[in-house]
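First chain written, first letter: the chains are A, B, C, D, E and F, and each begins at residue 1.
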Amino acid sequence: MNSDLKKGIGQVTIGDSYDGFLLIREATKGLTSNGKPFLTLILSDATGEIEAKLWDSTKEDEATFIAEQIVKVSGEVNQFRGKAQLKILSLRPAQPTDGVHVSDFIEKAPIEKDRLIEKLTEAIFEMQNPTLQRIVRAFIKKYQEALLIYPAAAKNHHDYASGLAHHIVSMLAIAKEMHKLYPELNKDLLYAGIILHDIGKVKELSGVVTTTYTLEGKLLGHIPMMVEEIGMIAKEMQIEGEEVVILQHLVLSHHGKPEWGSPKPPLVREAEILHLIDLFDAKMNMLNRALDKVNPGEFTERLFAMDNRSFYKPLFEE
Amino acid sequence: MNSDLKKGIGQVTIGDSYDGFLLIREATKGLTSNGKPFLTLILSDATGEIEAKLWDSTKEDEATFIAEQIVKVSGEVNQFRGKAQLKILSLRPAQPTDGVHVSDFIEKAPIEKDRLIEKLTEAIFEMQNPTLQRIVRAFIKKYQEALLIYPAAAKNHHDYASGLAHHIVSMLAIAKEMHKLYPELNKDLLYAGIILHDIGKVKELSGVVTTTYTLEGKLLGHIPMMVEEIGMIAKEMQIEGEEVVILQHLVLSHHGKPEWGSPKPPLVREAEILHLIDLFDAKMNMLNRALDKVNPGEFTERLFAMDNRSFYKPLFEE
Amino acid sequence: MNSDLKKGIGQVTIGDSYDGFLLIREATKGLTSNGKPFLTLILSDATGEIEAKLWDSTKEDEATFIAEQIVKVSGEVNQFRGKAQLKILSLRPAQPTDGVHVSDFIEKAPIEKDRLIEKLTEAIFEMQNPTLQRIVRAFIKKYQEALLIYPAAAKNHHDYASGLAHHIVSMLAIAKEMHKLYPELNKDLLYAGIILHDIGKVKELSGVVTTTYTLEGKLLGHIPMMVEEIGMIAKEMQIEGEEVVILQHLVLSHHGKPEWGSPKPPLVREAEILHLIDLFDAKMNMLNRALDKVNPGEFTERLFAMDNRSFYKPLFEE
Amino acid sequence: MNSDLKKGIGQVTIGDSYDGFLLIREATKGLTSNGKPFLTLILSDATGEIEAKLWDSTKEDEATFIAEQIVKVSGEVNQFRGKAQLKILSLRPAQPTDGVHVSDFIEKAPIEKDRLIEKLTEAIFEMQNPTLQRIVRAFIKKYQEALLIYPAAAKNHHDYASGLAHHIVSMLAIAKEMHKLYPELNKDLLYAGIILHDIGKVKELSGVVTTTYTLEGKLLGHIPMMVEEIGMIAKEMQIEGEEVVILQHLVLSHHGKPEWGSPKPPLVREAEILHLIDLFDAKMNMLNRALDKVNPGEFTERLFAMDNRSFYKPLFEE
Amino acid sequence: MNSDLKKGIGQVTIGDSYDGFLLIREATKGLTSNGKPFLTLILSDATGEIEAKLWDSTKEDEATFIAEQIVKVSGEVNQFRGKAQLKILSLRPAQPTDGVHVSDFIEKAPIEKDRLIEKLTEAIFEMQNPTLQRIVRAFIKKYQEALLIYPAAAKNHHDYASGLAHHIVSMLAIAKEMHKLYPELNKDLLYAGIILHDIGKVKELSGVVTTTYTLEGKLLGHIPMMVEEIGMIAKEMQIEGEEVVILQHLVLSHHGKPEWGSPKPPLVREAEILHLIDLFDAKMNMLNRALDKVNPGEFTERLFAMDNRSFYKPLFEE
Amino acid sequence: MNSDLKKGIGQVTIGDSYDGFLLIREATKGLTSNGKPFLTLILSDATGEIEAKLWDSTKEDEATFIAEQIVKVSGEVNQFRGKAQLKILSLRPAQPTDGVHVSDFIEKAPIEKDRLIEKLTEAIFEMQNPTLQRIVRAFIKKYQEALLIYPAAAKNHHDYASGLAHHIVSMLAIAKEMHKLYPELNKDLLYAGIILHDIGKVKELSGVVTTTYTLEGKLLGHIPMMVEEIGMIAKEMQIEGEEVVILQHLVLSHHGKPEWGSPKPPLVREAEILHLIDLFDAKMNMLNRALDKVNPGEFTERLFAMDNRSFYKPLFEE
């Protein structure tokens, strides 16, 4: 949609003017200190988001400019309380003839869906333990579509379309190398754990556009839901044997500690390693995305999920 | 088995002599500082347990005097390192003709099994929400036998035969009164939660004689196992509706905090109240049993599960 | 004051108009970004409170519209930054002829004072230990009036007129039933502990209208103040015996842990149970009031005193 | 009692022989692995203590060699499980004609009682606020005798006869200098707080010989007991004014944090400083006593009350 | 600069008018809700700071009124959201002919630089251990100039010009008295530790005007930097012996606990005492400055570095 | 030394007899309850260790059988208090003619020294940043010999000869693969951090035979010692630039959190990743060694450095 020369909304700087299509993420009504109504809009594309105020908004505006509506907007980027804000000069809802789609405005994994599914399939193909392989196949069959759409989290890491599959595929790549360096690891168990550990997110989260938690997600969480579902699928497929309980344990313990949501800590080697690989990939994802936004010699914004630390990009990172 | 006049092994004091049948709980081989073999036996009846040493033990002794064997023993109660120890004068394994059974040597709930099952049935009968009632009935049908045998925990509270059912029945009695005082409570939901909250113990623990944790118990724990089983039973019975997920939430959250084993804290009124009633009954059970063993003006032994506190029994407790 | 048909200020929704008397809880002067003065008023009745702005306020307005003043106001309920705000159309101070009183605007316990005092008297009458009974009688005699006016806390639970007495009476009802279920409990000690445990609030808090902490309250707190006063009253009445120190211990330990304000944890059975009953009633009060404000299928606002949790009201709560 | 040339029991080393009078601190009966009775005795003088075994003990021995009995003993110092142990060669109870007294065997403050009382009197004399001075005088009058006998703690710091007075006098000396360096400090308030802060130990602890906790000490602790007593004495003396509550606050908050036993943290400048001076003197006392026992280049034993640290004595401490 | 009669900006109250020179600490551009630009200025002198708004600011204003610029301002003190705000009536940058200097607008230690250096020299002169004395002299020679300019911290305690030297000199005074009261202390070691413990702040902080952290300060912190520098200086001066490592230990451990920035806790007596004296002086400094700003009977603002406590100034502080 | 058929002392089971050379790790004198002297010996070879008692030991025995002495021993493996114990039948010190060496009895890394140094050299050769490469080369030159002898820790992980080099080489292998998967990582910085992060252990620990902490190790720890040494070497080599401080930061922060010994948490991407790789390799090492000792279906002993967890080896680990 945007020409090659055009900056995304996450890339504009104070003083830029902007003209293009954006997706409304949130729309909230307010009153100025003089009692006049206005709308606060969060507008986004795949590169980021910006706040904008629509002054003297009418009832009609309130009904038109709502979350998940695409709009054509032109304006100027100002600063308000230290943050960029778009001063709206013109605004209209997108028309069918504009040829724009919600999916154009959402950040995506840097790897194509086809490639992700190919990688996933390769890993399952490598597995030799038939029990683990059958369970994994059943899950992939059931959840493949959602897996390629869902983010891996509502925010923090891999919070973009196909983020869940991207996270799994990256973890599988680490696991493959770790298994070469530490051949004691049971690769099949580790692969199975990686593929299933976060699939419960598909039931915990509402989707990728305006990601919220489902009722089940709030009251049970993705971990117990997956433990339950592994048990059910194994029962349906009449699979028995220690693999089932061990795989449930890997999912159950992958947050590492009770206070982080795992009622049992890892008590099997591959459970511990799954937890570490999960940490590793999630942290790399957060670090790389935050450091991409700053220049050498600068610190990133504070990263909430990394103990609120702000990271430095050395000058010798040319 | 013991005559009315006879003290149980948990009631003897230093200097007493003892003659009767006891159950071996543990038997461990040792060597004296002179290199001679001996057996350390933990001997018990329904009133308590005592340590005994069998000096100069033979290979045959080692094969005979093993855990879960009943023995006829006579001896004297001495003190060793501040604890009572039975000095063995004679010892032989029980014979079929002695007419003694393992169940005679195990502490039991102070209420008969029949009465417990009656109370449980009454509570289920009171329930009006058909969904909750059907799920609860299915569980009771499946687990009734084990429920009346199992303890509620490996140690600390209700750690005796039928302890699990005793704990449930006591909690139901509290819930009934609380519902009268606070009619906002959903009695059916609370009853269902109480009856199911700890049934997973039947899969987590090995039984009542020498209670240990099963593999599933160690790797998953009774809470996620029950969440899974509620899901499975609801599916089998084709039950749908919010009751299922709410009931799973009650079980999941009944330990109150992630660091105590509940990945979600209580987020429904009855979940919070279930947690409090569970605490209330478990603590009353521990307090009453510990205070029963001391005289007014004395402190109890330290209670590990109550932050290692030692409780005082006032002098005016006549 | 309000007609049957009229909504209280805690019940209005966005878009409603409002016309009636309200009590000013807080009045703060501000300046608009154009440098013009205005007043921010927190207006309340027994059902709740709302914020309102009085634009272009004069010096006279600042002197008139102050905390604890009753006003006649008409206006419209708008939304500002996600919260309801009253747009003032007309405003005047109440006149003597309006026949309104501060006490009309304050939330009250759902049980009448007479009934509360009757319940309290019944409980004292049931007590059989003369020492405990005499101490309790002395306190009730001294503090009866304040007890029926004070809230049980500045906020969170039972924070309304007669809240303190309401909390005590509810706890006595629980204790009565618990004593039936667990006859080992010393009812007299438990009753005495319940009646006295929070009476120190009368010295810790300033009153019921705009509840703040007294200097003594800030520097000592209600717990040590009550321990001291029990000692003094016992001395004056020449009461001796273990009851005095045990009762002081019940008050001292009723918050359960040092980090919650009890320098000693409960070390007597009834002290532990007093702590649990206190928790139970305070939590029921907070839960019921928060859930009353939402519909089935919704979550409550976050409850600060319950670990900031937000509770769900199931759909099957018809 | 011991000649100048003789080592105290805290000074002997492995291989020494010992002949002299010692006080029995504890006497416990045991049985050897051959079933023979023996007594484990903890024997002490003012320099320290040692364990000894009396083999083949008789009923008469058990009745004779009990706690707080002085004995004449000769033996050799051996090592057992890494600790010194006295091998008893001869043992008899002390006779009146031996001219030995329990007080000879107890460690004492390094400053004489007369000097301690003199220092205390000087400080009170310096005080200018009549209210604070009157309260302090009343307490000293009431507790002077006990103050000069009691230790400041059952163990850790100043755990010797007159330890309480020694601790107070040392703290007063620090306060005097601090007031010179920081004249903003209210010296009278600080002096009053120092003198009263730990006097409750006189009611919390049983005495100086075999120091245990009283029932009041266990259930209430010295801090609330003193807060109560300051209130009572002020009432008796008809003293009013903020000094009373501020002084109660200093005592209440002197442990610094709720989890250390102060339900309120210091909220007055002198309360904070009292807490720091208390820490300072207690730590100096523990450090000096532990470092006295080791040579330069060595580490002390672990000090439990100092986070279990072991301190190094530098080589350049000549 | 200010006449004797004139209030500093930290002393004005609501309603005062102000006319004088102030230093701009921060200048931030904003937009009103009507989209008009304005500047938010933080203006300060040695007595404190105030916020001011410059409405309808021009590009030229933005270039002129920047941090570290001195301005001549007249205006009125209003209240905005509970805080004082200066309403600007006139504003111009200072001219060379105004004869004002940045140093006039910065708070200073209450003791003159000459006196501070004199006190420091006296302490070094008192030292008798030649190794410690040589190291200290080398540091003072290297850092004397910065030491007399730098604050001891970016905020909280001694956060004013010469604050670092003031803190050191105050601590030396305490150490001198403590050594008299506890002669076991090694005075030379304690003096050396005090003088060096915070000198790393000179490398950690940017300076005294707008104090920020340097890159080294953020990535390493003043403690490891000083440990390194003591090692380097000792190597350059070819000093060997345990003094070097002990002195490094004193610096390393002076924050007391790992979670407060000391990877090793104090393990030498003087290290523990250095930590306590540091606490003592820092707390006295914060307390005295906060209490100076309030009247008897009032509480101070919350002190972040003292666990966010608010301290009470008793009425009897005349 | 041991024939192929012979079990190492870490491999014997109860009932085995043993005949061979072992190294005395510890020798402690004790007294039986009959007062007879004996020696408790900890005997080891490269496979593990066992306790043995030498009864009725003579003064000569005490002088002969001391730590680090090699002995020829024959005996039988019994059980004592649940642990294996060697019953000594004959014992003599090794003779020069026995041809045994201390290094034969110490566990070694599973990779040869030559191979380790080769791997290390390869990694340095791959580095392209000349500053980082020069610093690393200087350290390797200085510490190469010790690096190949020292363990990586006194216990827990890589606690064997060449353990330090083994740990570094394993981490470099992980880093190489991670750099391929996440090319944003600065490989040179990561390699430099890995090679230097633990070299301070060479100064912190006493060596490999009976590993204890040096005085410097106890008072400063390996982390600040290395930060200091990087600074010194950079200064000597006249290296400047951000690489030095960043590399010091990587070493300083590699324990991840202040409470784990890093006064600054990782604030540079490669610092965070170094911390994770360190965790990863240390945990793999502990897990593999513990799981090697158990059979499928069993749990390992508790691993102190892994939160005291005991890990399960699944049955399907054929």
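We take it that contacts are C-beta pairs under 8 Å (C-beta built on N, C-alpha and C of every residue); 3 or more make two chains touch, one makes a residue touch a chain.
Which protein is which chain? UniProt says A, B, C, D, E, F = 3'-5' exoribonuclease YhaM.
The structure displayed is predicted, hence computed values, not measured ones.
Novice: Once the contact rule is applied, which chains count as partners of both chain A and chain C?
Specialist: B, E
Novice: Would you pick out the chains that touch chain B and also touch chain E?
Specialist: Shared contacts of chain B and chain E: A, C, D, F.
Novice: Same or different for chain C and chain E, where same means more than half of the interface numbers show up on both copies?
Specialist: Interface between chain C and chain E is built from largely different residues.
Novice: Looking at A-E and C-D, which one has the bigger number of contacting C-beta pairs?
Specialist: Comparing A-E with C-D, the pair joined by more C-beta contacts is C-D.
Novice: What is the chain whose Cα centroid lies farthest from the Cα centroid of chain A?
Specialist: D
Novice: How many angstrom between the C-alpha centroids of chain F and chain E?
Specialist: Measuring from centre to centre gives 46 Å for this pair.
Novice: Two or more other chains touching the same residue: where does that happen in chain A?
Specialist: Residue numbers touching two or more other chains: 33, 215, 218-219, 242, 246, 267-268, 312.
Novice: Between the chains shown, work out who touches whom and classify the graph as line, ring, star, complete or other.
Specialist: Basically it's none of the tidy shapes, so other.
Novice: Mind listing each pair of touching chains for me?
Specialist: A-B, A-C, A-E, A-F, B-C, B-D, B-F, C-D, C-E, D-E, D-F, E-F
Novice: If you look only at chain D, which of its residues touch chain B in the complex?
Specialist: Where chain D meets chain B, its residues are 28-31, 33, 35, 215, 218-219.
Novice: Which of the residues in chain F come into contact with chain E in the complex?
Specialist: Touch list, chain F to chain E: 215-216, 218-221, 223-224, 227-228, 231-232, 235, 242, 245-246, 248-249, 252, 258-264, 267-268.
Novice: Can you list the chain B residues touching chain D in their complex?
Specialist: 32-33, 53, 55, 78-82, 85, 87, 312
Novice: In the complex, go through chain F and note every residue touching chain A.
Specialist: Against chain A, chain F makes touches at 129, 170, 173-174, 177-178, 180-182, 184, 186, 189, 241-243, 246, 265-269, 272-273, 276, 279-280, 283-284, 287-288, 291, 306-307, 309-317.
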